[in-house]
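Right, one structure below, let's go through it.
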Amino acid sequence: MLELLQYGFMQRALMAGIIIGILCPLIGIFLVLRRMSLIGDSLSHVALSGVAAGIVSGVYPLAMALVFSVLAALGIEQLRKKYEEYAELAIAIILSAGIGIAVVLISYAKSINVDLFGYLFGNILTVRSSDMRLITGLGILIIMFVKLLYKELFYIAFDEEGARIAGIPVKRINLFFIVIIAMTITLSMRIVGVLLVSSLMVIPVAASLQVAKSFKQAALLSVVIAELSVVSGIIISYYMELASGGTIVLLSVIILLLVIGFKGVMQKT
Amino acid sequence: MKKLVSVKDVCFGYENELVLKNVNLDIYEGDYLGIVGPNGSGKSTLIKIMLNILKPSKGSIEMFGKNIDDFRDWGKIGYVRQKATSFNTGFPATVEEIVAANLFSRIGIFKPITRSHREMVYKALEIVEMEKFNRKLIGNLSGGQQQKVFIARALVNSPEILFLDEPTVGIDLDSQREFYGLMEKLNKEMHITIVMVSHDIGVITEKVNRFACMGDSRLICHTNNSHLEITDILKEVYGDKMNLLIHRH
Amino acid sequence: RNDIDKQSQVMSGEGNPVVYASIYPMYDFAKNIGKDKIDLRMVVPAGAEPHDWEPTAKVMVQMEEADVFIYNGVGMETWADNIFTTLANDKLIIVEASRGIDLLKFHGHEHDKEHEEQDEEHDEGGHHHGEYDPHVWLDPIRAIKQAENIKDALIQADESNRDFYEANYQEFADKLKALDARYKEALSNVKRKEIVVAHAAFGYIADRYGLEQIPVSGLNPQEEPSAAKLVQITQLLREKDIKYVFFETLTSPKLSEVLANEVGARTAVLNPIGGLTQEEIDAGKDYITVMEENLETLKAVLGE
Amino acid sequence: MLELLQYGFMQRALMAGIIIGILCPLIGIFLVLRRMSLIGDSLSHVALSGVAAGIVSGVYPLAMALVFSVLAALGIEQLRKKYEEYAELAIAIILSAGIGIAVVLISYAKSINVDLFGYLFGNILTVRSSDMRLITGLGILIIMFVKLLYKELFYIAFDEEGARIAGIPVKRINLFFIVIIAMTITLSMRIVGVLLVSSLMVIPVAASLQVAKSFKQAALLSVVIAELSVVSGIIISYYMELASGGTIVLLSVIILLLVIGFKGVMQKT
Amino acid sequence: MKKLVSVKDVCFGYENELVLKNVNLDIYEGDYLGIVGPNGSGKSTLIKIMLNILKPSKGSIEMFGKNIDDFRDWGKIGYVRQKATSFNTGFPATVEEIVAANLFSRIGIFKPITRSHREMVYKALEIVEMEKFNRKLIGNLSGGQQQKVFIARALVNSPEILFLDEPTVGIDLDSQREFYGLMEKLNKEMHITIVMVSHDIGVITEKVNRFACMGDSRLICHTNNSHLEITDILKEVYGDKMNLLIHRH
């Protein structure tokens, strides 16, 4: 454990992991309950098309990726209204559109030689000090956001129409929420990797949903599970010489399976 | 008497056919308004239009004297929609959490739920006799228990006007009786205005002090309570055979 | 800090400098120059897709102790930037092997000489925006310059073996010159000039030996060519009666096969040496031998 | 139009496109209505880990990809039961697990030297004659399957519990369905590309849901919209020199937006 | 009289607490069994166990003489679940398609729906007076209309036994009357066995010929119709105040 912490990149990986482990499940729970589990994967593909557009038009690609992601998120919000009962359909549509645009732009430009994917796939081991500041800033922003709007986000997730009639400014909160999500996903996936961001938003939440006895518990438990996966994942991946991102994700999946299995056993007896 | 809601010349149709044709309706402070009518006659549609969930194609709604689009004071309104229990049963929320969420207009944005709010929740749950279930997951309750929770959610705010779309659906007799008793008390003692859609005409005719009957895309009648009159009107709407089922308690 | 220093000495064996090379050609060049005096490792496992490729923490720790890191540059290794900025290794000598080399711009499949010259100044900035062709190592003459960059770095890291590295470099440079001579001779009077390749990896060879590269995909092998492009190439194949369509060892040959089928041509391997397979390495192949294989293929195909 | 058809690969692209344009929306409508819109994207990532596993273990990678996909599909089916109300969560979990395994395997094996993505990303222009036979076979299989089990699949999609009590062998049909889906997706994405397969399963269905007045209509209309996108996509991509797959997808998105816009206008008047 | 369903010594609890404790119940051919009881007393749970949707932790179910796990003849069973209308309202299916789907056991696997089946659908819709809505999307109906469609879906098969969990919820009076009339006809003339959960005790006591009352995790009573007796028992279950609300039509 100590050996591991000698190195700056390992310290930063752990720190970034711990922050991401709070941030992802905390927004993930609202996303999952609103059937937007796959928004991370969807926005990452849109970001890809943003990078391509940036390269084609000569604009700084990451900025373009951000713009595209936020626009896509707003698009998802619009489409969600058209498919009230099928929010995940909106995600799927935007995902397809994202890849479609990327592919067409690449073929249109004809000489894009930037490994586009490289723009998206961060890695928790290559977090820089400047990234740390960004991730910490995002972390504080999100935690504040969720803390301040906790009861409103909860009500909207449970019953959007009801929330509106309770006087909650649903439209504005939704807009704000989705924009923050898009920014968080786009920026943090570049730092710690899209795999990690989108998985940590979903799998710990799924595990906590199996056992949680209240919404608050579900939120807290998912953070605990995420942190467990992150910390043990970084340690295990170090000693077994495996990719850290993948190991963390697989650990969270294993925790999920254990929780499901444990619950099954409990119910039988 | 203050006019709380005013439906003015409202028309509405989902696709082509009009469901509401030039409906006019005023609701005054202290009213206990029962809305009846056959299935598909537009009762729920009318409620939704009053609450700005649907927009009328013609006409306008005034709520507490303001045009509904400019109305902000939603804490004054309680609503139990039809099929309230038709939510996502996998949602991991306790009864308490659900009821507390409706305290929004009391608490205000950005602020947390405090102990005193939790006591209000507890009181609302007591009213529907669900206080023992406060920490249960809403999805793990029986259908009738869920309905009671949604009634508590509408009451927690101490609203000035309650819109209830078939609130007693799936609720057992004893609880129904308590519920109607409570409504009477809220209305008579606390001067809360109540708008209730129900098929339970027997009870409705007994309890309400005003009465609206929908049919044929229109508000057919709209009278103050007078049993004789109502029976005649109901016969007109539902047909002659109707008589049999009207009973008073 | 002291503990770490000790540890690093233990790790680097008998005090040989620890050298990391990004991709196979860099690895091969460094090996020819450093031979047994360096502790050489390749970063990206042979042929792995860079965007699934995640360095493990162990590799990162080892790179903290490394002395030299060699990479091709010109946007070939997008992951590299991240690694440099992450490592706290002050003594690490980082070599962009393509530094100071006149690069070719990529413009679809027609070349535009004027642009190339104008753009040379920008190269000094060292930051490439992707319009440059990164497959520098495939031109033996430019490869010499790459080898020189690598040699200089090794000397900087390990002054004591300066002569050893210089000698090896000379030897390797001679081999590359000989390779160049063979290419020149063999390709100077071939019947055809057109090579139809899977992706635009052979721009530097084409440039050096007066061939015309017709890439099916662009610089990025993942790019999906348009139908119009395929039609153009089909027409070109028919017009010029081209008999071969090349494919690569590391990417799917499907596109090349479809084109070849369309006009009744055959397919053959032209290896861009971005990475060798384990089998190839086990069979004793290296940069020079594969370049020679490529030459044999080119001779056979273009001389027909 | 005629010019285009001179070339064998264009003929095959059109033929394959037309078949895929029937097949994808036909299974897509059941998937969308069961909240499994993103199964295509999910299984493609699992197939990736299958390819990696095949390479590591020395088994023919495509076979391994198929095995992994089918197993993952069965996994989704199992998880779906745990998250009855959140079927899309099962998809998201399997997707993350798929990439996680792929990344870990790659880092574990250290010398995977085949381009993994080449195994997944077909391209409608590179369809070979042997592929045509496979795709036609799959097409006939799926159409038969949907035709024969139409009313059962419909009932299950609408109300699984009800279907069971109506005596429909829900478990077996679900199993059969999910296995066929997994096979179809894995094999056909290799031929025409994962982008095309997963988009055509979702977007035409989304468009038809906007206007359909019955289930049958929704199914037929989605096929019509898919065919429209495919045929015009191939033609347009040819003349505008764009990537065919991306163009088809973008066209289907445009049709979707037109349908939504048109519906909006109709409702206003 | 043939025994159609036999619940033997069944125990069941969702988490820890038992909802059903050693419940025994036999249902015979021709029965019209009413099940009443307060909210959360386990009525729906019992029905679900009978239909093999939930597995009892103890005891067993026999359906038409077979253990429920081996029972295959589902065409003989009709079921309207509680909150039937709580489906995905975005589902693009017409009323006709939904009702026709339940004809599965008539048609058989792999076979298409023919004209004669469509006529059966039409008839079932006529029974609930929804034949005019046959081509409407189910999500576009009013709550009560949807409930009627689900009743039609249960009837379309001409089942031998009907399980109805609060079937008249949200249905207007006139239609309720027709519905109860129909149930009586099905039961008396066509000898269809009916098991109905309802809170409408007034109607239930009037119509059924057998009666089960749940409370306190047990089947408290289980008698053949005899009004006096029932009233006493109900008082026991619901408490004394109950009396007021029991009414006969």
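First chain written, first letter: the chains are A, B, C, D and E, and each begins at residue 1.
FYI, a contact is a pair of C-beta atoms (placed from the backbone, for glycine too) under 8 Å apart; a residue touches a chain by one contact, two chains touch by 3 or more.
Bear in mind the structure is a predicted one, so any value in this text is a computation, not a measurement.
> With one step meaning two chains touch, work out the least steps from chain B to chain C.
Steps on the shortest route: 2.
> Work out which chains are contact partners of both chain A and chain E.
Correct list: B, D.
> Busiest chain-chain interface by contact pairs, anyone?
A-D
> Using Cα averages as centroids, what's the distance between chain C and chain D in whole Å?
Chain centres of chain C and chain D, defined by C-alpha means, are spaced 37 Å apart.
> For chain D versus chain E, what separation do you get between their C-alpha means, in angstrom?
40
> I'd like the Å distance between the centres of chain B and chain E, where a centre is the mean of that chain's Cα atoms.
28
> Among the residues of chain C, pick out those that touch two or more other chains and give their numbers.
52, 54, 56, 222-226
> Where in chain D do residues touch two or more of the other chains?
Expected reply: 83, 86, 102-103, 106-107, 209, 241-243, 245-246.
> At which residue positions does chain B touch at least two other chains?
88, 90-91
> Among all the chains shown, which pairs meet the touch rule set out at the top?
A-B, A-C, A-D, A-E, B-D, B-E, C-D, D-E
> Where on chain D is chain A touching in the complex?
32, 35, 37-38, 41, 82-83, 86, 88-89, 91-93, 95-97, 99-104, 106-108, 195, 198-199, 202-203, 206, 209-210, 241-243, 245-247, 249-250, 252-253, 256, 260
> Which positions of chain B touch chain E when the two form their complex?
Residues in contact with chain E: 14-15, 37-40, 44, 82-83, 85-86, 140-145, 148, 166, 169-177, 199, 201-202, 238-239, 241-242, 244-247, 249.
> Hey, which residues of chain D end up touching chain E in the complex?
Of all residues in chain D, those touching chain E are 33, 148-152, 154-155, 157-159, 161-169, 208-209, 212-218.
> What residues on chain E touch chain D, complex-wise?
Interface residues on the chain E side: 51, 53, 72-75, 77, 79, 81, 87-88, 90-94, 96-98, 100-102, 104-105, 107, 109-110, 112-113, 135, 137, 153, 157.
> If you look only at chain B, which of its residues touch chain D in the complex?
For chain B paired with chain D, touching residues are 88-91.
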